[in-house]
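A quick write-up on the structure given underneath.
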Amino acid sequence: MPYVNIKITKEGATAEQKQQLIQGVTQLLVDVLNKNPATTVVTIDEVDTDNWGIGGVQVTELRKNK
Amino acid sequence: MPYVNIKITKEGATAEQKQQLIQGVTQLLVDVLNKNPATTVVTIDEVDTDNWGIGGVQVTELRKNK
Amino acid sequence: MPYVNIKITKEGATAEQKQQLIQGVTQLLVDVLNKNPATTVVTIDEVDTDNWGIGGVQVTELRKNK
Amino acid sequence: MPYVNIKITKEGATAEQKQQLIQGVTQLLVDVLNKNPATTVVTIDEVDTDNWGIGGVQVTELRKNK
Amino acid sequence: MPYVNIKITKEGATAEQKQQLIQGVTQLLVDVLNKNPATTVVTIDEVDTDNWGIGGVQVTELRKNK
Amino acid sequence: MPYVNIKITKEGATAEQKQQLIQGVTQLLVDVLNKNPATTVVTIDEVDTDNWGIGGVQVTELRKNK
């Protein structure tokens, strides 16, 4: 039944890594709250680095200064 | 005034179908709660099948096994 | 598979009305996109009128001026 | 037309402060993108400090250690 | 940097269980994508069972029939 | 600590404008609630005009009739 939304910056996460996130979160909800995986929905939003800010600065800029 | 977000997998929903979803949800809120359609906002997120998991498995994989 | 989130102001929607919204949205997704109701998740957020603004004004204030 | 959701921890924001957030965000969207305030929707979610984590720790615990 | 939102039905999750969810998701993002836990934000929404539907039916009703 | 999500229609917002939105919202949260900008996360979703409806009509159609 749970619904989990994971937002990450769009920086090359592979299909395999996204499968690991989906599997890991679903298993976590089984382990901690005994939730039914069959109705656990996980979605991943990959957000452009121009569209993500922290500390008032776009990640695109933060990456340049790194 | 209501805000509705519909998340579906990105599997070819047409502009016409999305119009039907928008219209249908807006009308539903009029019928059930007498909400003002003029300020009812509906957004549709189409999510890549690698980025959607159910039962701990990516929809991309589920579709292959179907 | 779809996930729908409906945000409305907290102004007395009954359990029955919320059931109608859940049923109506689920049926709409069957009718328009042939989605499987068994894995269609709908959540309703009821938001305090102090916490909802339109036109830059809290709904609490808008209701007073109505 | 924009929809803005602000999530903050539930730590006593007053109605007046929430009005300032709604007004400020709406005005910002006018100033930057010339958006129509009449259809700009802002909602504020106040999240319990047990339900908010950063660095893997609940804010409730972080506040204790502050 | 990631932001994760976990929606579960409001059915008695303890503070300790919520801490485990926050810690588990944060660690998962470190393990899979090497994300910085210090800026990983996790929020948990606990949704009333009248406000959560699956298969077109409120969880409140599903629980009764279980 | 706050998390802000701004949804706008995908109609050509520039990187500079998105930086202004991120900066403006972060500063607003400092000014009104004295929040720490270093852990304030802002994400911007740009939504296709076919996928955004108001008054039951897709923005794509509204733009044509304007």
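General observations
Per-chain numbering from 1; labels A, B, C, D, E and F assigned in written order.
Rule of thumb we're sticking to: contacts are C-beta pairs under 8 Å (C-beta built on N, C-alpha and C of every residue); 3 or more make two chains touch, one makes a residue touch a chain.
In this text, all values refer to a predicted model and were calculated from it rather than measured experimentally.
Counting hops only between chains that touch, subunit B reaches subunit F in a minimum of 1. Hopping across touching chains, the smallest step count from subunit A to subunit E is 1. Relative orientation of subunit E with respect to subunit F corresponds to a rotation of 180°, obtained by superposing CA atoms and rounded to a multiple of 5.
Counting every residue number used by either copy at the subunit A-subunit B contact, under half are found in both chains. Note on B-C: across the candidates A-E, E-F or B-F, the interface recurring with over half of the contact pairs conserved by residue number is A-E. With chains reduced to the mean position of their C-alpha atoms, the one farthest from subunit C is A. Among the remaining chains, the Cα-based centre furthest from that of subunit F is the centre of E.
With centres taken as mean Cα positions, subunit F sits 13 Å from subunit D. Chain geometry summary: the mean Cα position of subunit C and that of subunit E are 20 Å apart.
Among the residues of subunit B, those touching two or more other chains are numbered 1, 3, 7, 39, 41, 43, 45, 52, 54.
Under the stated contact rule, the graph of chain-to-chain touches falls outside the line, ring, star and complete shapes.
Every pair of chains meeting the contact definition is listed here: A-B, A-C, A-E, A-F, B-C, B-D, B-F, C-D, C-E, D-E, D-F, E-F. Here subunit F touches subunit A in the complex through residues 15, 18-19, 22-23, 26-27, 37-46, going by the rule given at the top.
Within the complex formed with subunit A, the residues of subunit C that make contact are 1, 3, 39, 41, 43. Chain contact summary for the complex, subunit C toward subunit B: residues 1-9, 13, 17, 20-21, 24-25, 28-29, 31-33, 35, 39, 52, 54, 59.
The part of subunit D that touches subunit E in the complex is made up of residues 7, 45, 47, 50-58, 60-61.
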